[in-house]
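Chain nomenclature is as follows: A, B, C and D, assigned in order of appearance, with residue numbering initiated at 1 for each chain independently.
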Amino acid sequence: MPLLSLGSRWKISWDVLIIIAIFASSLVIPYRLVSGEKQAGLLYWLVTFLFIVDVAVNFHTEVKDGLVILTDRREIARYYLSSWFWVDLISALPLIPLFGWVWGPQVSVLALVRLLKLVKVPKLFRALREFVELPPALLRLFVLFFWFSLIAHVMSLGWIAIGGGEIDRPFFDRYIRALYWCITTIATIGYGDYTPNHDSNLQVIYTIAVQVIGVGMFGYIVGNVATLVVNIDAARASFYTRMEEIRNYMRVKRIPISLQNRIKNYYHYLWETRQGITDVDFFSTLPHPLRTEIALFLNKAILEKVPLFKTADEIFLREVVEELEPVVFLPGDFIIRQGQYGDCMYFLNTGQVEVLVNGKRVAILSEGSFFGEMVLIKSEKRSASVRALSYCDTYKLSRHSFERLRQKYPEFDRQISEISREREKSLEGEE
Amino acid sequence: MPLLSLGSRWKISWDVLIIIAIFASSLVIPYRLVSGEKQAGLLYWLVTFLFIVDVAVNFHTEVKDGLVILTDRREIARYYLSSWFWVDLISALPLIPLFGWVWGPQVSVLALVRLLKLVKVPKLFRALREFVELPPALLRLFVLFFWFSLIAHVMSLGWIAIGGGEIDRPFFDRYIRALYWCITTIATIGYGDYTPNHDSNLQVIYTIAVQVIGVGMFGYIVGNVATLVVNIDAARASFYTRMEEIRNYMRVKRIPISLQNRIKNYYHYLWETRQGITDVDFFSTLPHPLRTEIALFLNKAILEKVPLFKTADEIFLREVVEELEPVVFLPGDFIIRQGQYGDCMYFLNTGQVEVLVNGKRVAILSEGSFFGEMVLIKSEKRSASVRALSYCDTYKLSRHSFERLRQKYPEFDRQISEISREREKSLEGEE
Amino acid sequence: MPLLSLGSRWKISWDVLIIIAIFASSLVIPYRLVSGEKQAGLLYWLVTFLFIVDVAVNFHTEVKDGLVILTDRREIARYYLSSWFWVDLISALPLIPLFGWVWGPQVSVLALVRLLKLVKVPKLFRALREFVELPPALLRLFVLFFWFSLIAHVMSLGWIAIGGGEIDRPFFDRYIRALYWCITTIATIGYGDYTPNHDSNLQVIYTIAVQVIGVGMFGYIVGNVATLVVNIDAARASFYTRMEEIRNYMRVKRIPISLQNRIKNYYHYLWETRQGITDVDFFSTLPHPLRTEIALFLNKAILEKVPLFKTADEIFLREVVEELEPVVFLPGDFIIRQGQYGDCMYFLNTGQVEVLVNGKRVAILSEGSFFGEMVLIKSEKRSASVRALSYCDTYKLSRHSFERLRQKYPEFDRQISEISREREKSLEGEE
Amino acid sequence: MPLLSLGSRWKISWDVLIIIAIFASSLVIPYRLVSGEKQAGLLYWLVTFLFIVDVAVNFHTEVKDGLVILTDRREIARYYLSSWFWVDLISALPLIPLFGWVWGPQVSVLALVRLLKLVKVPKLFRALREFVELPPALLRLFVLFFWFSLIAHVMSLGWIAIGGGEIDRPFFDRYIRALYWCITTIATIGYGDYTPNHDSNLQVIYTIAVQVIGVGMFGYIVGNVATLVVNIDAARASFYTRMEEIRNYMRVKRIPISLQNRIKNYYHYLWETRQGITDVDFFSTLPHPLRTEIALFLNKAILEKVPLFKTADEIFLREVVEELEPVVFLPGDFIIRQGQYGDCMYFLNTGQVEVLVNGKRVAILSEGSFFGEMVLIKSEKRSASVRALSYCDTYKLSRHSFERLRQKYPEFDRQISEISREREKSLEGEE
C-alpha cells in the first residue's frame, strides 16, 4: 500500500469522513445513554470499524513534524506512536460489547470513552484549513457549528437527566422539548414556558450554568459572526472607504468631472482585476528570488523578442527582469509623448496601445509588444506617441537600470555599443 | 428605441422600480397563498406587466461583460439570452391565470414561481452600488432591510401555516400576531405570551428553527450595524485618535501651549478641508499619468504666468508639473525667510501670503501667484520673506528637479542661460 | 457687552446649560402632556427665560463660518439670522400661556413646539467636542445617553397613551411600569409580565415597532460600546500585540534573555513616556514649518551653547534644527564608542550619560549637554566613549547634513574653517 | 528580612493570594450581612490576618515610582505611607470584633469597610499584567470575571434585601433563586418566572436599574469577548487575508501552479517560524543600539570565521554588523548563480545550501557558513552557484557597504588591499 500524501484528495476525504463519524458518535452516544438504551447500535459498530481503519491509515500517511515532512514508514510509526496513537486506539475499542459480555449491559457508560476522539478534532480541522482551498471564514463557521451543536445537544440531554421539562412524554418528544428549552435560553430568548422547577435547587443551578455558558457562547458567536462579516468584506470595505476619501478630496479641490471619472474608473479597474492590491504591494512582500521568478515568467517571452536582448543569456535576462517596474495605464493615457525626452522603455503585458506620429495612428500594438527601447542606448526625443487604448499593464525598464547592467556585464556592453554605432551609421545614411 | 446606457438616470430608476416590484410580490404572493386567496389581484397583473416590459428593456440596455461594455444589440441579446433571460421570462409569466384557466384556482401555488426573480436582486443592488452616489453603508442597510423583512414575513406566514397563534381571529389579525411572535423571537425578546403548542412537535421544531436562524440573523445584523457604525466614523475616529496621541506626546515633551494650539489647528484644517487625507497620501495611490493630469489641472494657469516657463511647450510643462510637491502652510508660517539660502520656488494654489522686506510688508499675493523663482537659476540668499496669512496650499519646485529638466531639454537650458545672463547684467547695472 | 469667544469657559458653560435645559424640557413636556397636566410649570418658565437669553447670547458670540471666525457684530447677526435664529426664537416662545390665554388650557399640545430646539443638539455637542478636552469616547457616551433616554422616555409615554399596562394606578406608577416594560423590551429581556393586550391591534403593532426600533438601538449601542471599548484600548492593545510578536520572534531566534529583557524594557519606556508613538512617527505627520518650530523649541537652548554655532544667527540655527534626527538610547547603551570613526554629534535632551576614557568614567553629562561635535569638522576616531546612564532622548546631527549647510552658507563655512585651523594648530602645539 | 523584588515569584504569588482574599471577602461579607449573620466567621479572621501581613509585606517590597524603582527601605516606607498605606491599614482592621465588643453585634455593617481594599484590585491586576507572561487577552478575561461575578452577586443580594423572590424559603435557597433571577435578567434571557412585585415601586425601579446596568455590562462583555476573539486571531487572520489576496492576484495573472505553490509555502514558512513578522519589520522598530546588539549576537560567530575580518577588532565588527541585511531563501532558490556579477556576500544563519560548479554539487554548507566574500574586494563573475536546500535565513553584506567601511577605517583598508594584492598574485600564479 503506498503512502497517503498530505493534502492529497484521498487524505482530505478520509479526514472529512472521520470528522463526520466523530460528530455522529458524539450526538448518538450521549443520547442513547440518557434514553436508557443499552445495546450497541449499527452506528456504533460502523464507527468502531472506521476508527480501527483510521489507526491503520495513520500508519501509512505522511506526517508533518515541525517544518519537515516525514515520509519514511518507520519514522511515521515512531512519530505516530508517540503522539495520537493511543487516543486513536482507545477511542476505537468496542468497549460496550467487550465489557458488556462480562458485566452485562449496565456498562453502557463506557461508550463515552469513544468521545476521547473529540480531542483530535481541532487537529483535523487545522489540517483541512491548510490543504483545502476554502475561504477561512467559511471553515471557521463549520468549526463553530460543530462545537455549538454538540454543546447544545449535551446541555439538552443534561436537562432531561436532572428531570427538567415534561417527564411523561416519550423520550424523543422530551428531547425535542429540552432542545427547545436550551436554544430558547442560550439564544437569550427566554419565553419562560419551560423554566426550572422552583423546588429543585439542582435545576435552578443547572439553569444558571447553562445561562452563563450561553451568554459566553452567544457573545463568542456574535463576535465571530460579526468578525467574519467584517473580514469577508474587509477588502471591499477598505476599497470603498478609500474611494470615498478620494471623492471628497477631489470635490474640495474642484477637479473637473471628466478627470474625477477617470480616477473612479481606475479604482474600479484595480478592484476588479486584483481586488485592490497594486502590483507594487504584491511584489514588495515577496522575497527577492520569488519576485524575480514571477517577473521572469510574466516578461520572458517579450524580452526575448527585443533585439537588444537577443544575444543575452538567461543569467543576464534574470538581472534585467529584476529592474522592471510595473506601471498601469488607463484607456486614453499617453504612455509616451512625441517630443518628450524619454528615459525608459516599456513591455506591454496586457492591453492594446496605438502608435501616433503627429497625431495620426500608424500602428496598433497588443500584448507581448515592447516600445521605446532606443532611449536605453541614447536619450533622445521620442519620435512617436504611444497611447493606451484599453487598461494596460506594462513593465518599465529605465535607462538608469540599463546602464547599471551594462557596467556590470562588459561583454553585453560591447554588443550594445556595436548596435548603437550601426544604428547611428544607418541614421546618417538616412539623412 | 435608443439603447439605455449603464448608469443613466433612466436605467437606475427602472432598476429601482423592479426592486420595488419584486419586494411587493414577495410580500403579497405568500400572504395571499397562506390566507387562501386564490384569485390573482391587481398587483399581480401590474407586476406581470412590469416584468414583461423588463425583459424587453433588457434587450435594449448596455451590458457589462467583465470589463467590456457591450453596446451592439446583437451582442447584448446573445449575452442576455445566455444569462438572465430565462429567469426574467419565467418569473414574468402569469402562471395563475394561464393554468388556473385549465385546472381551476387551486394552482395558486404556481404564483410562487414569480419569486424566482429574487435571485436577480443581488445583481440589481450591485448595479445600484456602482452607479448611485450613496454612501455604501446606507445602501447596505437597504439590502439588509430588504432581506430581513422578507425572511420575517415568510417566517410569520409559516407560523400561521402550521397552526401557530390564535386560530379563531380574522386572517389579518392572525398575521399581525404571528409577525409579533416572530419579531419577539428573533429579536431575542421572547415575552412568552405566544409560544408553540407543547403538544405539537411540528410547532416546537419550527420554533427551534426560527430561533436558530434568528440568532444567526440577529448576530449578523448586530455585526453589520456595529460595522456600519464603525465605518461611518472610521475616518473621524482615526483622526481623533491621532490627535489624542499627538496631544499626549506634546504634553510629555512640555511643548508650549501656543505651539500646541497651532498644531491642533493644523489638524482641524486637515480634517475640514480633506477629511484628514494629506495631498501626499492622495497622490501616492494614483498611477503616474493621472497624477500628472491632476497636478497639471491645478497648476497650469500659474505655470504659464512664470516668466521662466513662458516659452516652454505643453510637453515640457507636463514634466515640470510632475516634479511639483504639495506643501501646506499655516497662518503665520514663514514660507521663505529673508537671508536664508533658498533651493525651491513656490506656486500658491489657495490662500494669501504677504511679502516682507526687513520685517515690513511690501505686498500681498493671492491664489495663482508664485514666488522664489530666481533660486531655480542660481542659489542665492532670499531677498524677502514670504509669510502665510491664511492656510496656504502650495506646490514646491526644487532647484534639483529644475536642473534635471534643464539637462534633459537642451533648448530650454539655452533659454534659461540667456535669461540668467541678462539678469546678471541688469544686476551689475543696478549696482 | 464684550463678545463671547468660541472655546471660552463662559461659552462652554452656557452650551452645557442649554443642553441640560433642552434635556429637561424634552423629558417634562411630553410627560405632562400625557399625564393631562395643562398648566405651565415653574420649569417651563425657567426654560423659556433661558431660551430667550440664548437668542440674545447668540447675537454676541463669535461664530465659525467654514474656516473663518466671524468677530464683527453685524456679520454675526447676519449669519445667525440666516441660520439658527428662527429655531432658537420659535422654541423660546412661551406658546402655552400666549395661546392658553386665548383658547384655554387645551392648547397644551403647543408645548411640543419647544422640542424644535432638539435639532440644535447635535451642533451643541459638536461644539463641545471641538473645544472641551474630553476623551472623544466619553463624549460619545454622553450623546448616546442623551438620545437613548429620550427615546425610551417617549416610547414609555406612547405605551401609556395607547392604553398599555395597568390603567387603574396613579400616573407616576403607570409611568414607572411603562418604562419598566419599555426597558425590558428594548434590552431584549422580555419577561412577559407586561405584554400588549391581545385584543388590541394597535398595542400589538406598537409593540412590534418598539421591538424593531429596540433591536436597532440595541445593536447600535452594543456596536458603540464595543467600538468605544476597542478604541479606548486600541493604542495599548496594539502595543501589547506588538510586544507579543516581538517576544515570539526573539524566542524563535533564541536571543539571550538579558537582551530580550532590554528590548522589553525599551518598549515599556516607549509606552510610558509617549503611549507608543516614536518621535519619528510624530514628526513625520507634521508639516515642515511646525516640525522646525518644535525642534527649535526643544533644542535651541542647547544649540546656543555649542561653540561652533555661537556666531550663527537665528536663520542658520533654524536650518540646523531641521537636520536633527531624534534617537533614543537605553540605559547602558554606548552612544559613542572610543576608537570608532564618528560621523555625527549628539544633543542630550533628557537623561544622563557618562563619559568614559579607556573604560574609566571621567565625567557625567545631564540634560542640555552635547558631545561629539568635533567630528562635524573632520572625521576622526572618537577619543572617548559616551554611555547612557538612563533612558536618553537625544538629537543627532550628522556630518553629512553639516557639510550641506556649510556649502549653502559661505560665511559660516569660513568661520568653521577658521576654528578648524586653530584647533589643528593647538593640537600640534599639544603634541 | 530581604526586600521582595518586583516581578519575583514570591511577590507575584503574594499578589495573587491577596486578590483571592479580596474576592472571597467581597463575596462573603455582603452575603452574611444580608442573611443577618452577625458573628465574624473564620474567613473573616483569616483575611484580617492576611491583610495585616500585607501591610508589613508592602514595607519590604520594591516599588516603582514612575520609571524609577525604589530599593531603599526608607524611601519605600515614605512612598507607601503617602500612597496605599491607609487603604491597606483600614481594610485590615477587624472592625466587627473591635466595635462589636462595645456596641453589640448590630455593628456588622462595619464589615463593609473591608471592601475598601477593592480599590487596590486594578493596581494588583496591572502589576500581574506587567510581570506575568500570560497572553493579555486571558488576563483581561480574569479581570472581567472578577468584576462581573461581584456585581452579579451584589445585585442578587440587593434583590433579596428589597424583598424580591420567594420570601419563605431558607436563605441559601433564596440566594440561589435571586442569582438565577439576576443572571436571567442581565443575560437578557428574561424567562419571566421571577419578576418584580407589581405593587412595589421599589422592586420595579430596582429591576429597571439592574436591566439598564445589565444591558451595559452585556454590551461591554460581548464587545470584550468579540474584541478578544478578534485579537487572539488578529495576526493569523491578517495572515490569511494577505494570502487570500496574493492567491487572487496570482490567479488573475495566470502564474503557473508550481510557482504559486512556492509562494504559498513561503508564506507558511513565514507564519510558522515568526508568526508572519519579517525580519525587516522586526529590526525597523528597534532603536539603533539594540538592532546592532541583536545582529551582533546572531552573526558574530560567523563573522569571526571570515578571513577578511580576522584582524578586525570588536568596534569594527560592530560597524560591519550594522550593515547586514536579512534575506530569506526558499528551498531550491539560487542564492548565487555562476556567471552572474556579484555585489554582496552572504552569512548563512540557519538552513543548508549546496555549492554547484557547472551544475554539479561540490559541497554542502550548513549554519554558520559564509560565501561570496571575494566580491567585496573586486566585482567579478561568480565562479560557482549556491542553492538553498532548505529554508535559509541569511544576512547579506553588500560591496557598497563594505567600501564605505574601508573609507572610514584606513588601517583596515590597508589590510584588505594587502589581501587583495596577494590574492591576485596567487591567481596569476595559478594561471
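Just so we're on the same page, a residue touches a chain if its C-beta (ideal position, glycine included) is under 8 Å from a C-beta of that chain, and two chains touch if they have at least 3 such contacts.
Remember, it's a predicted structure, so these values are computed and weren't measured experimentally.
Rounded to a multiple of 5, the C-alpha superposition of chain B onto chain C involves a rotation of 90 degrees. At the chain A-chain B interface, residue numbers used by both copies make up under half of all numbers present, so the two copies contact each other through mostly different positions. In terms of C-beta pairs in contact, the better-connected of the chain pairs A-C and C-D is C-D. Once the centre of each chain is set as its mean CA position, chain C and chain D turn out to be 27 Å apart.
Averaged C-alpha coordinates give centres for chain A and chain C that are 39 Å from one another. Multi-chain contact residues, meaning those touching two or more other chains, occur in chain A at positions 188-192, 218, 222, 226-227, 273. Residues 166, 173, 176-177, 179-180, 183-184, 187-193, 218, 221-222, 225-227, 229-230, 237, 240-242, 244-246, 248-249, 252-253, 255-256, 259, 262-263, 266, 268-269, 272-273, 327-330, 333-335, 337, 339-341, 343, 379, 391 of chain A are the ones that touch chain B when the two sit in their complex.
Contact residues of chain B toward chain A in the complex are 66-67, 130, 135-136, 185, 188-192, 195-196, 198, 201, 204-205, 207-208, 211-212, 214-216, 218-220, 222-224, 226-227, 231, 234-235, 273-275, 277, 282, 285-290, 293-294, 297-298, 313, 315, 318-319, 408-409.
Of all the residues in chain A, the ones that touch chain C in their complex are 188-192.
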